[in-house]
Amino acid sequence: MSEKKTSWLKPSLDWLLIFVPIACALRFVPSLDNPTALFIVSCIAVIPLAGWMGKGTEHLAEHLGQGAGGLLSATFGNAAELIIALFALSKGLEGVVKASITGSILGNLLLVLGLSLLTGGLKFKKQTFNRTASSMSATALTLAAAALLVPTIFHEVAGRIPIAQGGWTAQKEQHLSLAIAAVLIITYILTLIFSLVTHRNMKSADSMHAMEDIGEELEHAGEHWSKKKALTILLTATAFVVLIAEFLVGAVEEAGKTLGLTEVFVGVIVVAIIGNAAENSSAILMALRNKMDLSLGISLGSSLQIALFVAPVLVFASYLFGKPMNLEFTLPEVFAVIIAILIVQQISSDGESNWIEGVQLLSVYAVLAILFYFLPDVHSAVEALAH
Amino acid sequence: MSEKKTSWLKPSLDWLLIFVPIACALRFVPSLDNPTALFIVSCIAVIPLAGWMGKGTEHLAEHLGQGAGGLLSATFGNAAELIIALFALSKGLEGVVKASITGSILGNLLLVLGLSLLTGGLKFKKQTFNRTASSMSATALTLAAAALLVPTIFHEVAGRIPIAQGGWTAQKEQHLSLAIAAVLIITYILTLIFSLVTHRNMKSADSMHAMEDIGEELEHAGEHWSKKKALTILLTATAFVVLIAEFLVGAVEEAGKTLGLTEVFVGVIVVAIIGNAAENSSAILMALRNKMDLSLGISLGSSLQIALFVAPVLVFASYLFGKPMNLEFTLPEVFAVIIAILIVQQISSDGESNWIEGVQLLSVYAVLAILFYFLPDVHSAVEALAH
Amino acid sequence: MSEKKTSWLKPSLDWLLIFVPIACALRFVPSLDNPTALFIVSCIAVIPLAGWMGKGTEHLAEHLGQGAGGLLSATFGNAAELIIALFALSKGLEGVVKASITGSILGNLLLVLGLSLLTGGLKFKKQTFNRTASSMSATALTLAAAALLVPTIFHEVAGRIPIAQGGWTAQKEQHLSLAIAAVLIITYILTLIFSLVTHRNMKSADSMHAMEDIGEELEHAGEHWSKKKALTILLTATAFVVLIAEFLVGAVEEAGKTLGLTEVFVGVIVVAIIGNAAENSSAILMALRNKMDLSLGISLGSSLQIALFVAPVLVFASYLFGKPMNLEFTLPEVFAVIIAILIVQQISSDGESNWIEGVQLLSVYAVLAILFYFLPDVHSAVEALAH
């Protein structure tokens, strides 16, 4: 039975692999040059590739044992997003990178979780989950929100003071961001130790286990990959993601202009939907099977990883490209993340869900999407804030 | 026993009907022309009329069966506030309308609930209620707060950018507000479907049932109205509310000046206390009978209705008057609503109440009333924000 | 056994009494004049003196019976902080006073509680506590945060309007602050009545009991002081705190400059760590004994006392010195307090704790310390905000 459902879902994503060669054609055949088409096709092509990276990671993790395997899952969980962001960073598209961090957090918390609670709630009148687990993740997210808000507050306050009297400078903002990135990544490492070492046997006690458990849930319908097969698939899928990510990032500016969308809207809404498509289908599937702990684990755990691991890694990586990125987000981005965390915390704090809670999350997502649609370009906004 | 308490309460409100003819005299007898007196008398006269509108609605709802009856209760629950706001809107008093939306939410969450928990808590050492129900309402309120904050954030950010580069314009703010109003009203309709259709039998599962249950609680002390009687009383009371609302709104500006109160203080504090007097007396009565689910249902449900139904309806209605209203509230209004929702959520999340929690809510109300008392006129503030 | 642990801890603080004569030497021997050394030595010397004040208060309280004794504990719990703040106020160091209020709240909520949960959690896999108690304190803290935010909001909004049209003036800010201070202190008195009179026998129902219970926990290892001994020790310790506080405040400006630290950093981080050292050691000790109700009671109760009692008392006291202080905090201070309260509320709402929650609190503290380290001087910031 489990097998049937899996085979019903998997093909739907694998069919999308057809867009990989199409993207290559659009990129390398001169007569087909069309950035907008390339952007859209690349977006779709990333979806199944991200799915295969995930599967490869999970199968490889099984061979590595609990500790190292868990670490691998936790670290590579958002590898596709990370690769896209690194390319954008190397091209100096700092605004897109930040917008896609925001978008990934919003997408996981509001869109993925909202759709899961809605579809699960339409099938089951009431679903229950472990409050302790979701509560720990929500707290970690609040910590992340506080950390991401600090550079914005710093700019807002120190920007009003002349530099001679200790006012805002880009260098100070950079140092501040580095210090905060260090705190975030240390917290992330300690969180991994908590969930993979000291509190491992706490059943479903936190979202770090979710990915593995989903692996078990999906895969133990018969198939078992050898270490070599898992590694080969992981590397092949990653190579293609790298290729397509380069297409996607190269075309994003041109495509945004043609479609009349601002950089921040593309980052927050478009890139985030694409980057989370794999999480989305898994989380909905788990909700339909009434395994809400896994469904929440995917969305909360993935947001957590973006905020505590991907964001600081990007700050450190930006130095390698010689284009230092700080952690200063725009006011609307910070506001959106805080609202999303507040509402997820409320919904998850009672350990029960129903379809209207899914609707509430999706409504918040719609309201925020409207805000980002109407907002003018983020860079202009940041510069306006600075002066 | 129940009858005695009811008869002890009812007369106290019905005696206030004497202010209806007084208001008419002040309005139509030229020698008695005094806007301040007219404003105060009209405020008091609305209280018993709103009570009779509520009773008429409940009795009529009984005849219509669960679905349609529930819809009627849910839609007409804040009819008096809606009528007053429509009059103010037609006179272009946008600031008063918005202030009374803010004030209605604050009044229900802090004043009505605070007085209920205090009076109930002085009689009973500890009172309990259904956490699930109050939690769902608190989440819906957070969603509403997010939605009402978006136009303010948009103005704050887009206002710093030149219009040529996509900066703030009144038209964009209008479109943004319309889109958000649409999301709110769709969410409201889905919430009604949830509570009146799919999760109807979830006992006290949400605040939409509260009004009906209160009807049963109060009325089944013997009296049963015929359909005709209910309809006649509802229409008569509504007609008088329309009349008095016209007096009230016509006198508000003049009275505010005479009393040295700003438009926003009148809207947030005065109009809100008047408009919620009926809810206030019912909610306190329920708390004294230790029926906390109903007491919370009234205050949370009424706030919800204002935010998800009355506010968007006013945006749409403003087009009929040719004086489009947006959903941009001033910073202090947004701040006050967010604080009120946060503290209500905290108090309601443990499913228990005692008198000190009532004191805490009333303290927050006092602090906010102080803020609005000291604040200069809201319109000047909005214009100052815009430049 | 209890005795051993106590004797292991006490000496470690009592040894610090050696810094009291050192501070006197630095202050009164002209050849040793060194403000930085005096500041550091005074900071350390206050720690054991505050501890002895606490012990004197508890023993005296035992002689006074429950009502008056509880009141004494509750009122003198933060006497050392209050004395330091009064000296700073008399010297016109308003920025330091406000920063130390902020710092005391942050220190208790994040540092004291974070270290308690971490050390307790390293010894015990899972610790539990009474949700109702911590929830009530968290609500009172939210109320305090709202109240402390109001003067900042008022300045931000009214400051944009010309004075002729009712804009911001220092006098209005002062009146607003007085009104809010009155609300806070009335709420504090009612909270005392709740916890010492009407709900006294509610076991551990709130944090006001914590101090006394800790007294019992620590002292009943044999020693019992006479009323005279308790009073003598309390008065002697207080006299020395007054002396050292005068040194500390007199040297703070000079020392801050020499160490390259801003006034706000000294207030928020340095003074707060010093002032809470006694609470810190008690709270950790309780966590190691798995008495989490007491551990949370210390940190939440102490923050509550600062916000609802010390802050308004300082506003009233400032008039005695002819240097009126308002309650307007800087944006980063207000932000830091709100974040701290939000995260404590999340962590305390499930009634369970483990070591990662301690890490999360300490991470937030680290992030905020980074912000205050980078921020330019608070006074310049306030003035920049005003223009």
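In this document, chain identifiers A, B and C correspond to the written order of the chains, with residue numbering beginning at 1 in each.
Going forward, a residue touches a chain if its C-beta (ideal position, glycine included) is under 8 Å from a C-beta of that chain, and two chains touch if they have at least 3 such contacts.
As the structure is a computational prediction, the values presented were derived from the model and not from experiment.
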Copies chain C and chain B - interface residue numbers shared by over half, same or different: different
Degree value of the rotation bringing chain A onto chain B, based on Cα positions, nearest 5: 120
Chain B and chain C: spacing of chain centres that average the CA atoms, whole Å: 39
Numbers and ranges of chain C residues touching at least 2 other chains: 349
Interface residues, chain C side, partner chain B - complex: 131-132, 135-136, 138-140, 142-143, 146-147, 149-150, 153-154, 156-158, 160-161, 165-167, 172, 175-176, 179-180, 183-184, 186-187, 190-191, 194, 198-199, 345, 349
Touching residues (chain side chain C, partner chain A) in the complex: 125, 262, 330-332, 335, 339, 342-343, 346-347, 349-350, 352, 354-357, 359-360, 363-364, 366-368, 370-371, 374-377, 380-381, 384-385
